[in-house]
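In this document, chain identifiers A, B, C and D correspond to the written order of the chains, with residue numbering beginning at 1 in each.
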């Protein structure tokens, strides 16, 4: 028996580790470092209906134990992704999760439909929480009604399981989680980035061309853990956790807080092998803290 | 002319540096390290109507580039503070800012009245954003109407200038800022801590007895900078900025973002001299980046 | 009075499983620190300092010895520092053990990484010609340290949980062998201190407590413990870490 | 192909104001890297790696030289590393300068910390018996480095903004003295590259660009620049940092 295996709606994961959306492109670059078949799944970079150029540069800034990004959802558009990127990833023995962003509900719907028609995508991740675009994105992620609406429309439009990616920029994440659960979400993905800013002392202006950016990395891990722990107590759909994961011990902390699987984002930049290394270390880490399987750890901190 | 001087409602600051509430007690301990008269002001630990014992221990946890705290507003009560702590601080040539917390509007009102009667307190800071207590605190900080209400009640109850301390755990901080400005706040103080959690891998439980705690330190600086920058564009009352300040360059970043003065919290723990050292370094730092006075830098990043 | 000092690492050695002995040089702290006080150690990149007890002092050489167990990232980092390097320390912190002149026999009870402060205390007590009896508890044989040094102070029982060395069991299991004493001093994990203070209920004693700290100087209220006085609490960092066993509620 | 390598620091010296030369030992990178490629350097405690150009290579010795200016916390940290230490590097990264066999005279234009990649390029071109002319621009005299080394490759103009050394002005101010050349190669700050490409409009040339990077391997879309092809953009880290001057929009 594979002690790392986790089954989630639509996803038979050989292990609970996957690169987070936007931090791994469409896998090509990292496939030169290791065999992507090793991964539980791959979350592709956000897809929109049309190609998007994204924001001006600079698009990233380093912060203490974190980074800001304002890529602005640059992507070649869903059609191109389905034609050129999905087939490449389909060569690997792993699950493909398509991340969808949109400015309108219709855009989410249209992109979801298109992914639904491919046979290679295993699940959808609805990015209703991107802080780096002018319209759409984050509005959907801070208003429970909008979030529920986009969820149910996408559920109607496709047969694929839908994971809704929540924004941490809200006072009550549980409300958002419940709203999308009721609207039919199969799972949650949390957290996206916290909105932040850095000011360049030399130019005296915000460093990022977009001014604000999304904060990711170890700095936000305590916020992610808190939100997952809170949400876990109130929903019954599974959670894919993320936010500052760097090590197998971080993964265990997410599992204990209630995540059933864990995505690694920013850490890929400093160490392109990080997902692979975590997968190697996880069995020993689980054992060290008294767990036989990954599943055994899920939600342990929540149950009293 | 003193190039570091900043005048705010009720506060003639010889420099814009002050220890943040809760991170400096009532000054006694740090007065053994350096002369507190050097400080622009001192923000006292939160006062409540009655003495509070606070939360169970552990109350603090270290996170990457930050920490979580859940002290739970332990304090000897406003009467004792006025009798024993304020007179001690009044020995120093600095401004005393009294931080007030409460579970009810009446409690805020009562504590404000009592501070108003002393002659030694220069301003009030309304902590409507403490995430570590069961009731009060954070509700006031996430609902604009409640925040406005507590602000106007306290304004009526005292003649002291009122700085309202905002919570970052909201999707739209500008709305909160505008609400309290309209309600009569003389200034803003931002940000308080982000709610976070750490799970202890050994016990498999949240490490803090209170489970969640407030995240502070360099990790949250980009969030603080973003919020101050946003709010600065929409309010005309001054902002006392805080969140992860460790160095004179950090102070400059806060000034550029729109803060008129800057509080230093967590950094006191690693370096009890940090406020004093920043005050020493600030003139040179301002000069290095082309500013003659601290005032010249305020809000520079916001004006286009 | 606490000051911020640089202490040069003179020597470092591993004296038991994951347990490091480090000798630090600093005039002020070596001359002023009392048994039971601690150092609050800054580590590059860490938000909070780490409290570590003073295990020994050589006033003539101007050195302070600490013993610590590598349990997390901070102690791991400290263990990696090589002799010659200077570390930034706040100290001497907290209040030490009260020594009563009239006592003729004292019992030291140390558990695991609570053993270190017992050593400098025992040395100080022995110098005053008191009879020192020590009970040192460890998990297993590999954790045992300073047995020889404590033997030099007086009769010493070593207890291991698994019986792999010395007596098997807990420190309290050898109480019946100790005979009479005037006062006890104890430091160790909380469950041990609870049993010790329960079993020795009524006996005068001092215990040294641990809690996660923020400031380490009494300002932040991170490290409080309920007390039986009017105020209702004590701060471990500044009122303690040593308390009269009857004063606090464990 | 990019791999993750450990490179041992063999030597470190300050060769101009705040400017460090570091010689790194690594077989794979020294044998495979081309002029214009860069190293993506990991620094303990930093979220992002730092891109630094390859300034020179000695294939026989298996060494790679980098030159960098201390401008922020990362370069300060790197500058503090002593010989003997190993650093974790991704490399060789990006695409290097294209060399055209038929060229007989080439012009190198480097500005400030854009000078380093010009050196290994110039050395490679000179080895192919091309005539190498260099224009190196610096802010002021204290910033000048590698003048002697470039002189050995061919005629070299040094320009300083304040005229404290060599000619006064910008690199473009000496264009009229250069005479004819087949191709130019340039690296430096964006304003300089803009003027250079404008003034040499029509001439074949390659420029090396800088942008803040996330991944450094082409996955994160942090480092894009608008391009004139259908796709509309290029990634500096993986399509560049070297581009045909006519290919991108500055």
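The criterion applied here is as follows: contacts are C-beta pairs under 8 Å (C-beta built on N, C-alpha and C of every residue); 3 or more make two chains touch, one makes a residue touch a chain.
All figures in this text were calculated on a predicted structure; none of them were measured in a lab.
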Between chain B and chain D, the fewest steps along chains that touch one another: 2
Rounded Å distance between chain A and chain C, as computed from the means of their C-alpha atoms: 46
Inter-chain centre distance, chain C versus chain D - centres from mean C-alpha coordinates, in Å: 57
Inter-centroid spacing, chain D versus chain A (mean Cα positions, whole Å): 36
CA centroid of chain A to CA centroid of chain B, Å: 34
Where chain A touches two or more other chains at once, by residue number: 63, 65-66, 218
Sites on chain D at which at least two other chains make contact: none
Touch-based graph of the chains, sorted into line, ring, star, complete or other: line
Touching pairs among all chains present in the structure: A-B, A-D, B-C
Contact footprint of chain A on chain D as seen in their complex: 1-4, 42, 46-49, 74, 90, 211-226, 231-233, 238
Chain A - residues contacting chain D, complex: 22-25, 28-30, 32-33, 45, 51, 53-54, 57-63, 65-67, 69, 71, 74, 76, 217-218, 266, 268-273
Chain B-touching residues of chain A, taken from the complex the two chains share: 63-66, 68, 142, 167, 169-172, 194-199, 201-202, 204-206, 211-213, 215, 218-223, 225-226, 229, 244, 249, 252-253, 256-257, 289, 300-301
